[in-house]
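Look for subunit A in each of the two complexes below; its partner is subunit B in the first and subunit C in the second.
Right after this comes the complex of A and B.
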């Protein structure tokens, strides 16, 4: 078990380092000179400024050296300073992190609360109308762009019915963005739950449980759902990663003051250090959550550890 | 496009059309493609001309989808938007597929030690959602339709590379590849002449899965102002410019959104249907 934990943690650390390195390299994608492009937004920049910034970002060095410099800075907790306002990036992003986490957790919770029952209903009624209906809803769910669903919710629930405020970051405001993220991602959860449960319901021990006279609800809740939960946990990591992707757009639709909203503003203003910081923080969150779930998975299912 | 373990084999067309999801998907897609191809001829108004009608007019006989905040005909704009969305999707999928397949084949045929290293890198990038990847890339490339297409194409590469690797690794272990090696064929030739034709059919299916995510990403990027720039019509950018008017003119919200949903749905239905058809687990149910 210890080697399993150690190996997973090591992989996670390496993955994060690789991503930070890539985030450092990304600045070379900027067409032309990144410093000139950045300073174009702020107007009057002297040659001295350009030289100072070029040195600060290591852009006078080869790509790999510059990226390693970035990795070194990040490891020391320094994500650089923003172009506009010259503020340190790390506190700026970390200050928005709680809002982003709250929305992500609310969205994930909604996705699981909607998706798992849907998947169970589909699996139990496999091949019947209920299964077809759930799968139809699920395929519609993955086909609707989250930002459009969000706008539709605003139009109907906020503007038409007046139930929720249109924008902002408060307890009342979280309902619509969380619902948007939850509904879109519940489709994925429902499909995974269904396929895990369909496989399990064909197992011999389920037949045994039925044969010894257990009620169908007991067979389902005690014998089938427990092993199914293990598969569902692995899906949670995948859903969380996808959810963070959708969250960037959702935060912008609902003016939710999280990292995603800040990141899009930074992108439109070409504030590259801020965008790099956003990539580092989002990527790290995804890696941490995936690793934590992997460890939990290993804890629940001994077979995984031996791989 | 969440799972990479879709390994469809043979695809008989008549059987495919008997599946309701493939038929419905193909029907919707045909309408969308026809709309995109014929847009300049069937659009009743110039999609760029302001004041084609009154501003924010609800759907009428003259303006089927209503008009937007500048009095432009929404039906014409949505029609032309199909070109942009499908165009970006097609270009991104083609480029992503070309590079992804090449990488996947190269990894499958690389020496054992390098293989592990390359696979690890692909897996690391693949663990991030493609929307996030496209967003990060376009942030540095700069906003615009071409850059968005490029970013979406790159964001699809890890998925295609991973799937191709899986398919090619299976083929590589088969005797015919060994025979080709013994016959003195070089690795690039074996990849191209022996392995690629054998996995081509599966790759076409995988292509349809990438399409839906490419179109969603394109709409999302344009909505955020990072993709197709106004006044060019694209479904995401129409929604972006109309978002401040949705209270008075919900039709600006409804029609482009439904267009995105139907297009993405058609690709998802086709992809799902093909997967059902080729999944060995479902075989006993088909008879």
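Right after this comes the complex of A and C.
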């Protein structure tokens, strides 16, 4: 088990390091110059100032040199300073990360609360009207764009009914963005739950359990749901990782003060250090979540440890 | 008598308790983006300076015509050779932390602004400062060469005065100024809370209330989505918001709301040419294209009548800008004459000149560019529209303006400033995104910086005449971006100042 854990952690560390280097290189392939864009918006884009700031921010160096320098700084815990406002990147992102995690957890909770019952209902009623109805709802959840759903919720729940504030980052504000994220991601949870349960409900041991006279609810909740959990945990991990970086649009619509909003602004402004910092934090979160899942599989299923 | 006094006291006490306590007035404003920072010597965006402008005051102030008036400096003198400025600093002004503002703070501000380690993005606006010294309550600024726009920039949010206590020994910055509002809290990307500076004394000719602002608290919240901002305004969650162009047009005719358009924005939108590329190297072709563009229609239709057509290469209201003179020097909408010129050069709608119309996205721009395409097609010019986001667009145009071969490009852009000197940044070689023209114009632009008063006005007009008569640019509309505000009709006397600054000194919230 110890070797298994060490191997997974080493892989995670190497992956993060490669991502940091690639982030340093790839960001420069996107067209656009952050200094010209910044000074054009300040009404002071003189050639002298552009050249001076380009040099001061080290943007005149070759891309590979900038990328290596960035990796070195990140290894020392320094994510650099923003081009806009000249502020340290790390506290800026880490200060907002809790808000993003809170929204991700709330979105995930909503997705599970909606998705698992939907998946169970569909699996138990396989091939019947209830199955089709649940899967239709799931497809709609995936198909409706999150930003449209969010704006519709604002119009209805905030403007029409006055139940929730339109914007902000507080306990009252979390309901609508969590619901939006939850509905969008519940579809995946529902489909995965259904698929896992349908397979398991056809297994011989389930037939045996029914033949022994166990109640259907007991068969379902004890004998079927437990083995289905490994598939559901996979989805939970993926959805959570996706929510950490993929809720950018929802944060923007509901003015939720997470790192996603900061990232959008940084990308539009080509604020390289801030975008790179976002990639580092996002990639690290994904790697940590997937590594934790790997370790969890290892605990749940000894066959995984032996691979 | 005793009974009477007692009765009066009881009556007075009862009356006092019956009066409601004066309610704290908070004005909530929704903006699309937050400030990048609150250190005015490190920020670059208008949205950042809109906030720092509320916290920090300026040495001089500007009236609606751009003329300088006293601010933190109660008087000033300029030496005959235009190299030395002597500012008499007002006494009795207090910083937000209670310390006295004085000449040392001015010296500190200017020294810090030009120090390389500050990495000030607006450094060149400070001009060629040689030294800043204080003696008594007089601050002397010496220049290495004359710098005409110095007073204009000193009156803008580009060069505010910071108190020495703002910068700690370890270099950390706290926004401490002498402005109408003090910082209470900043939750980045979420909200900024400011409160009225109780001892404020204002000097700007643009404000009527020279004392403490009427409102107690000002909360600037960030709501990035235009639809959500408008929902917040309509639900009463915010009092004032940046509307989209479409929403502004709707709100203007709706009872219960007011729409504000910045008159002193210093902003201007124009079309320019990659003039090194044939046939744009021919002034006649540029002239024909200028005559095909209908700026009145763009203002009325694309911008819903919320902007004005403009004829000068610098924005209305800035020094040396005379719309009537510019109209004589530049092109007027005359599609028949434009078509005749193009036909003479062999281009017709059946055999068009193929160009690119390169643009970036901004509210109002899309519809204007579609109209421009139609207008150009009518005179035998087929324009392929290319839209980029802002950061990529300017980088792209810097390369396009260097090319000497290939498809010619007509491009649109906006620029803003508090002084017509921004034409120097744009047009003096290499110029903004390499749009510089040549030696003759470079010399005129350098000369205007050496002058003051009427002589400078004359030189600035010479510059504009040169640009327009050679049709290097076709001015279109003003203002162009970040210039619209909408409020509920409870809000009274909200104003905008130079370069789309926002003024809350006179604002009252009606019951």
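Heads up, the rule we're going with is that the second predicted complex is superposed on the first by the 268 of 307 C-alpha atoms of A that agree within 3 Å, B and C clash if a C-alpha of one lies under 4 Å from a C-alpha of the other, contacts with A are read in each partner's own complex, and residues count from 1 in each chain.
As a convention for this text, contacts are C-beta pairs under 8 Å (C-beta built on N, C-alpha and C of every residue); 3 or more make two chains touch, one makes a residue touch a chain.
Everything quoted here is computed from the prediction, not taken from an experiment.
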Partner chain(s) touched by A:159 [first = subunit B, second = subunit C, both, neither]: both
Touching partner for A:125 - first (subunit B), second (subunit C), both, neither: neither
Partner chain in contact with A:54 - subunit B first, subunit C second, else both or neither: neither
Subunit B versus subunit C as contact partner of A:140, first or second or both or neither: first
First (subunit B), second (subunit C), both or neither touched by A:231: neither
Partner chain(s) touched by A:66 [first = subunit B, second = subunit C, both, neither]: neither
Which superposed partner A:275 touches (first subunit B, second subunit C, both, neither): first
Touching partner for A:31 - first (subunit B), second (subunit C), both, neither: both
Partner chain in contact with A:241 - subunit B first, subunit C second, else both or neither: first
Contact residues common to both interfaces of subunit A (with subunit B and with subunit C): 30-31, 147, 151, 154-155, 159, 252, 264, 268, 270
In the complex with subunit C, residue positions of subunit A that touch it: 30-34, 36-49, 52-53, 56, 82, 84-87, 92, 95-96, 147, 151, 154-155, 158-159, 162, 165-169, 252-255, 257, 261-262, 264-265, 268-270
Residue ranges of subunit C in contact with subunit A within the complex: 30, 33, 35-37, 39, 42-46, 48, 116, 119, 121-125, 158, 187-191, 221-225, 227-229, 231-232, 234-235, 237, 266, 388-392, 394-396, 398, 415-417, 422, 424-425, 430-433, 499
Of all residues in subunit A, those that touch subunit B in their complex: 15, 18-19, 23, 26-27, 29-31, 127, 139-140, 142-148, 151-152, 154-155, 159, 188, 238, 241-242, 244-246, 248-249, 252, 263-264, 266-268, 270, 272, 275, 279, 282-283, 286-287, 290
Parts of subunit B lying in touch with subunit A, wherever the complex brings them together: 2, 21, 121, 124, 127-132, 135-143, 212, 216, 219-220, 223-226, 236, 239, 243, 246-247, 250, 253, 257, 260-261, 264-265, 268-269, 272, 285
